[in-house]
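Same chain, two partners: subunit A is paired with subunit B first, then with subunit C.
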Partner chain A sequence: MSLKYTIAPFSAWLQAVSKPFTVPVTGGPRPGAPRYRGWHINDVEKCIGCGTCSAICQNEAIDMVPVDDPVVGDSGLRPKIDYGRCCWCALCVDVCPSGSLGMSNEYVWADTDADVFRYIPGVDEKPWDDSELGWRREEGFELVDHDRVPMGMLDPDERTQTWAEVVIGYTEEQARVEASRCVDCGLCVAACPAHMHIPDYIGAIRDGDDARAVQIIYDNNAMPEMCGKVCTRRCESVCSIGVQGDPLAIRWLKRYATERFDNLAEVLQPQVERVGEGRTVAVIGGGPSGLTVAYYLAIRGFEVTVHEALPQVGGATFFGIPRYRFPMSSLEKQVDLLKSAGVKFVLNHRVDGDELTRMLAENDAVFMGVGLMKPMALRAPGEDLPGVIPALDMLREQNLGHEVDVGEKVVVVGGGNVAIDASRISRRLGAEVTIAYRRRVVDMPADDEEIEDAEAEGVEIVTQAIPLRVEATEDGKLDFVWGPAEMVQEEEGKRPRPKLIEGVENHLVVDRVIVAIGQGPDLDWLPTEISEKICNKWGYIEVDETGMTAVEGLYAGGDLVNDTADAISAIADGLRAVNGIVDKTRAQHV
Partner chain B sequence: MDEIIQRIRDNFGVLREHRQRDDLAEVWIEPRHVLPLLTWLKEHTPFVQLTHLSAVDWLEDGEFQLTYLLTDPVGRRSLMVAVRISREEATAESVHTLWAHAVTYEQEINEMFGIHFPGSPRQGVPFILEGWDDIPPMRRDFDTVEYMNRHHPSRPGREHTDPRRYIGQVVGEKGYLHD
Partner chain C sequence: MTEQTALERRVQLWFGPQHPGITGNMAVQAWLEGDTLTSGVTHVGYLHRGFEKLMERRKFIQSFPIVCRICVPEPDTNEWLLAASIEELSGLDKEVPEKARWIRTLFLEMSRLSSMLMVLGGHVGAMGLGTAPNWLITLRDYILDRFEELTGARVYHMYVTYGGVRRDLPEGFAERLEANLQEIESKLPLVDNVIFDSAVFRKRAIGVGVVPEEWVDELGLTGPIVRAMGIARDTRTDYPYEKYGELDIEPMTTTGSDIFARAWMRRLEIAQSIDLIRQILAKMPTEGPYSAKLPNMLTWTIPAGETYVRAEASRGEMGYYVVTDGSDKIRRVHVRGPSYVHGVTLLERLMPGTNIADLSALMVSLQVCPPEIER
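Here is the complex of A and B:
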């Protein structure tokens, strides 16, 4: 071995004192560029746990993990990112429907434990949580489509001249485009009282399989064409796309799918176990809850008879909803399906107490969904004057095809959908219409779109107006006297209450005062031994988790039972009773 | 710009064109015209510089698109020359004889899309993917997740909860009645 190889390692030490070739790092690591894609940040208050980030991730780097209990509109899950797989492409940030997810420009983080590189941004605290810099989705650059396909409507001037349906409906192409906006998060399913399989039928529409969409829809809604036209659509209010854009037009898509087929029985052909063969069920009241019970029990082999007091079933969706929103042909189509499933109808027949007792003895189950039929009174002097009429009476007369005369000028008292319907009908009957409502427009329980449509049709809305009295004038008209109110916040968290400003009186001379301030239960016909068991102190009916009342075999649902009093809640009640009756029948088979 | 595009129309034929801005136009031409057109542009017009060469996989159409971005450095305007080639053959003429640096673009596209530029010097030489053992990753039929699972398996302990199922359990979403 030459001497050179012995000395060489030591000569390297000489380099220790020579000028280095490298540039020394000063001031720590170089900061990331302002829009660098570094470690994630998440505004967990804004995040709704829709999981779209996880779904889009091309590397399956994101898991949704529970951090809280789910509530309607928030799954309670939050994204947890595995940085062993993340490639920092930022698709998760760019797609985020709520806009909560971002990336800081921090990129330096060293640790000896590899498992720390998997964390829940915003929940597991990190030094860069408040970073202003880093990657954010650019304004106007959205991977999800924020704009709803607009719905064609009749021109407002044209509408008041006709009873034709105002909403025109999507074309096939429009429906496919609208359906493709869905990110399939499923938050809507939880918000829907009937828990319809919304993302599934939207997916079927998107894929061009309308028959499949209808089959999915009818899985737990036997009146979807009605819901597709007039539903209160709580689903849309929690739609994740709706956080920053227009929510999916879930209602219009359902409408589209159901309107595609004239003969529903042909498309549906449900394959279910006929557990109810040889059993009979009586349904009192042909509204949404009763018809739901009738259909789903009939396809399971039960012999179902629906008893309806009016000449037509449909309940409030028949007599309460104007035909320009829900035409008769749509309702008849739903009824045809029920008939094809074997449901029998007894129309123009009001069930009394004795008959109910007899029904309970003769049938395996009785379902009662008779709704709220007693209109609330105005509770102001003059409420009994002729010309002061309940809105529901007017809607019913109109829908039964009877002559309705509202005169030339009308005031509608109330702010719910019934008030809006009554006012829009009055417009079509040629009257000048004013709505008087106690609170503000934002407080109106009516659907926003309905309010807009009414205003477009020339309905004037007077808010914070408290009815004081109604007086008959000498020339046979009515003087509707109202006082202005101020909104007072009495309790934190509750909605402000209107308080009358004393000493001011406004006069509105009209031909009709139409009262639409709600309705209550009308169950005087029930035998006492039944009503004292099933009614609570407000006169509503209480049921257990199977939909059954305290009377064995007597089930109930709809407005009488739930506190939301809309069609989809009634359908949900009907489904609950169906499950209750089917489960009980199965148990009896064993 | 208008005059140059008119000359391209007349002499080479334009399949489609798009005027993005005053200073940015795009023309689609047939593959056989790429080299003659780019040569003419470089030799006889102010568009002398090749600023970028990129590719797009139009999987559904069975085609790749190559886009040559040419720049007029004096007039500060750009012309995009786009061409669609068969995805199956995936072969295009090299332009490295016009611009030496095209070799690097062609090497990258060769690696990322598997498009071959015969005669280009560094075809088949790894650009950044040393030891790559799959189809070219920028092809849209490349399965990212499958590749990740094969090469970078997740660390143990990962668990994903589906939002719809999770919230559904709480509100009591029922499964399908019909199924």
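Here is the complex of A and C:
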């Protein structure tokens, strides 16, 4: 062996006088890289407690623990991380739908107490809470799907020529893709007044089991096809995916599932205890709350009769919602199911006070859900002129199939869904339509999509417009006089109020002024001894946690009772009364 | 004193699992006559976690934190193989952006480089020479600095995902990586002095642990072991994946097939890796997305199917055989790590006749990574 190989290794001694390989570290640990995956941080204000971090954690290192009372859209839970399990993969950060969870670039932490290595980031204070560096969610890399499958709709020009349904509905493939976006957080369940089992039925749709989806839907909603088309969808407003992307199309998925089956009775076949055999219940008012009570009691063996003043049940969903949103065939399908469950209907029959008293005596329970039938007045001079009409009257006439004439030009006063419906119907009747609303578009109680659709169909929206008076013109038209308003913030935290700017008058000459500014209860028909017991000072009905009024056996629900006045809240009221009646019946069995 | 029989002279010796000379957490049960092995058996099971089985119970995305643990010094091949196999089965491979493919190639080559720096140090470390391992571990740490900056972690990177990678290259990354490469290149002559020009290493490595060429196909040997016997076999050129097909790359070979040849092979491949990383940095597009748009990873299901994908790890051909059944989880995955054949079949064949003092060096030269054996 050459001498070279004996000498060469000694060249290492040169290192004794050279710059060392190693990097000297002074002043504590070297900071982690800017995107280092260190100890967690969480912006608890931004966090909605959806638990998706916990769901994706393959080490089960994340527990969701209560730190606050739950509110709608926030479970009140926050992630608690167990560093005995965490592997710092940061999938939790990358999936975080609210973008609140992150990791600091701190990685050194020593303690003699092992238990401290389980903490709730953002709640349990840590030195790295304000760390600017570390691994954060990055736009462009999403582990969830932010893009909703677009819903097919009729072309706006085509829509105004027809009464056909505007929304086309998902195909099977579209529904599966849309359903697969759900992360199963359940915030929607808490937000839904009826607490429908949303992630469960979405999961069934995703897995291709539409029948199961419908069964789950019918757990607590007897009018899902209606909800699938016109629900106010509080669920979607709290959807965790909606924080950074498009919320799940929960409403359209429900619509998809229910539309898959023509004969619901075949699919459902509910397996429930028939506790109500031999008992009778009368339902006054065939709206969503009444029909809910009727269905869920009927399948439990109660003999239920629904009394409805109009020739068709459905309540506001029948007479108030235009057919292009909720076609008659959909309503009839739901009613057919009720009939197959044994519910009896008495149509064209308005119950009066004497009959109510008789019903209370003859039935085990009476449920009253008669809605709000008295339109609010415009409270401006000229409100009594012919041609100034309440929107609900117009919608009812239209839906009953009667001839409705709105002339060539219409102003609709109001900003709710009824105002939008009235204006879109007027467009279909061929009129030029203006909506006059007191506040701004963002303040409109109407559904955003409805507002967009109305505008697409050519409805003009004039905001911050306060009606001053209506005058009859010489050529038989109406002069709608309105004044502009400015938005005044009177109280911190409350929505700004419109204040009339004095001295300015705008004129709009129209054929009809359609008033859609809400409606109130009309309970004059109630016997005094009942109304004084059950009504509050505003004329609404008060019920207890079982849905029962102060009159034994008289239950109530719907717009008369709740202050949200939408169909799903009415359904929730109906369910409450069903539980109340069933529990009471069970107690009597014992 | 009566004459001992051959059987009586035999000593049974456990080498490992708690021995610094063993490669990772494994053991060799050796029988010796004098200081020469008459036979040996590989024992594993000290870090069995059931990686493959665990993956059958996890959603696709949740398997990334598992697969990287199949090889500590070089976890990234596993990440890429998992991603590539599932991408192929789901059809997502068509959507992986160009830039992501370049970043992945860079990532895989950095991973090979850091692993080879470490194992080259191991070669002499196994003979009790401490200088080169210390230097080489430092050089490897420079690459780990870049991994930390790129992926947020030094060892378990969890950086490749389905559809691309998790983050873009940080600002100025290429410059800092180039500076590291230069640093490594400047130190390699020093390393050569204390390894390849060292009489100790040469005497103990040349002609020791020779692997006959006939065993290559019989046992399925791959990687530096076969290239060190002059066979130009390299997955990167034979079955190019990601962007290797667009790089100027020839399989390196040397001859001798002994411990020295395998060490020299790694030394050559370190230089090759540095060259490839430079090529990748020069060719990589600066603009464009680094990840495809992913479906919801919590509910993602992919059609039933099966595939085998392979990549060249620093130890040899690494492959994943993956079966899916249309659900949201992998039905079966089989990790084909080179260490199984190298660390069990080949090692057991080589052990008879080996001096006990050379066993450690032999194992390092086969670059055995035990978790790959006991997935």
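Just so it is clear, the second predicted complex is superposed on the first by the 565 of 590 C-alpha atoms of A that agree within 3 Å, B and C clash if a C-alpha of one lies under 4 Å from a C-alpha of the other, contacts with A are read in each partner's own complex, and residues count from 1 in each chain.
Following the convention adopted for this analysis, contacts are C-beta pairs under 8 Å (C-beta built on N, C-alpha and C of every residue); 3 or more make two chains touch, one makes a residue touch a chain.
Just so it is clear, the structure is predicted and the values come from calculations on it, not from any experiment.
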Using the touch definition from the top, say if A:T6 reaches subunit B (first), subunit C (second), both or neither.
-> second
Kindly classify A:F141 by the partners it touches after superposition: subunit B alone (first), subunit C alone (second), both, or neither?
-> second
When the two structures are overlaid on chain A, which partner does A:R35 contact: first (subunit B), second (subunit C), both, or neither?
-> second
Return first, second, both or neither, reflecting whether A:P484 touches subunit B, subunit C, both chains, or no partner chain.
-> neither
Would you sort A:Q58 into first (subunit B), second (subunit C), both or neither based on which partner it touches?
-> both
What is the contact status of A:G458 with respect to subunit B (first) and subunit C (second): first, second, both, or neither?
-> neither
Should A:G301 be classified as contacting the first partner (subunit B), the second (subunit C), both, or neither?
-> neither
Where subunit B and subunit C land on the same part of subunit A: residues 58-59, 184
Which of the residues in subunit A come into contact with subunit C in the complex?
-> 1, 4-6, 8-9, 11-12, 14-15, 21-22, 32-37, 52, 55-56, 58-59, 87-91, 94-95, 103, 135, 138, 140-145, 147, 180-184, 206
Could you please specify the touching residues of subunit B with respect to subunit A in the complex?
-> 144-145, 148-149, 152, 154-155, 157-168, 170-174, 176-178
Okay, in this complex, where on subunit A does subunit B touch?
-> 49-51, 54, 58-60, 63-66, 69-70, 72, 75-77, 82, 84-85, 114-115, 118, 184-187, 189-190, 195, 197, 199, 215-216, 219-220, 270-272, 296, 575, 579
Sites on subunit C touched by subunit A in the complex | 58-59, 61-66, 131, 134-135, 138-139, 145, 148-149, 151-153, 156, 158, 166-167, 170, 187, 190, 193-194, 197-200, 202-203, 289-291, 293-301
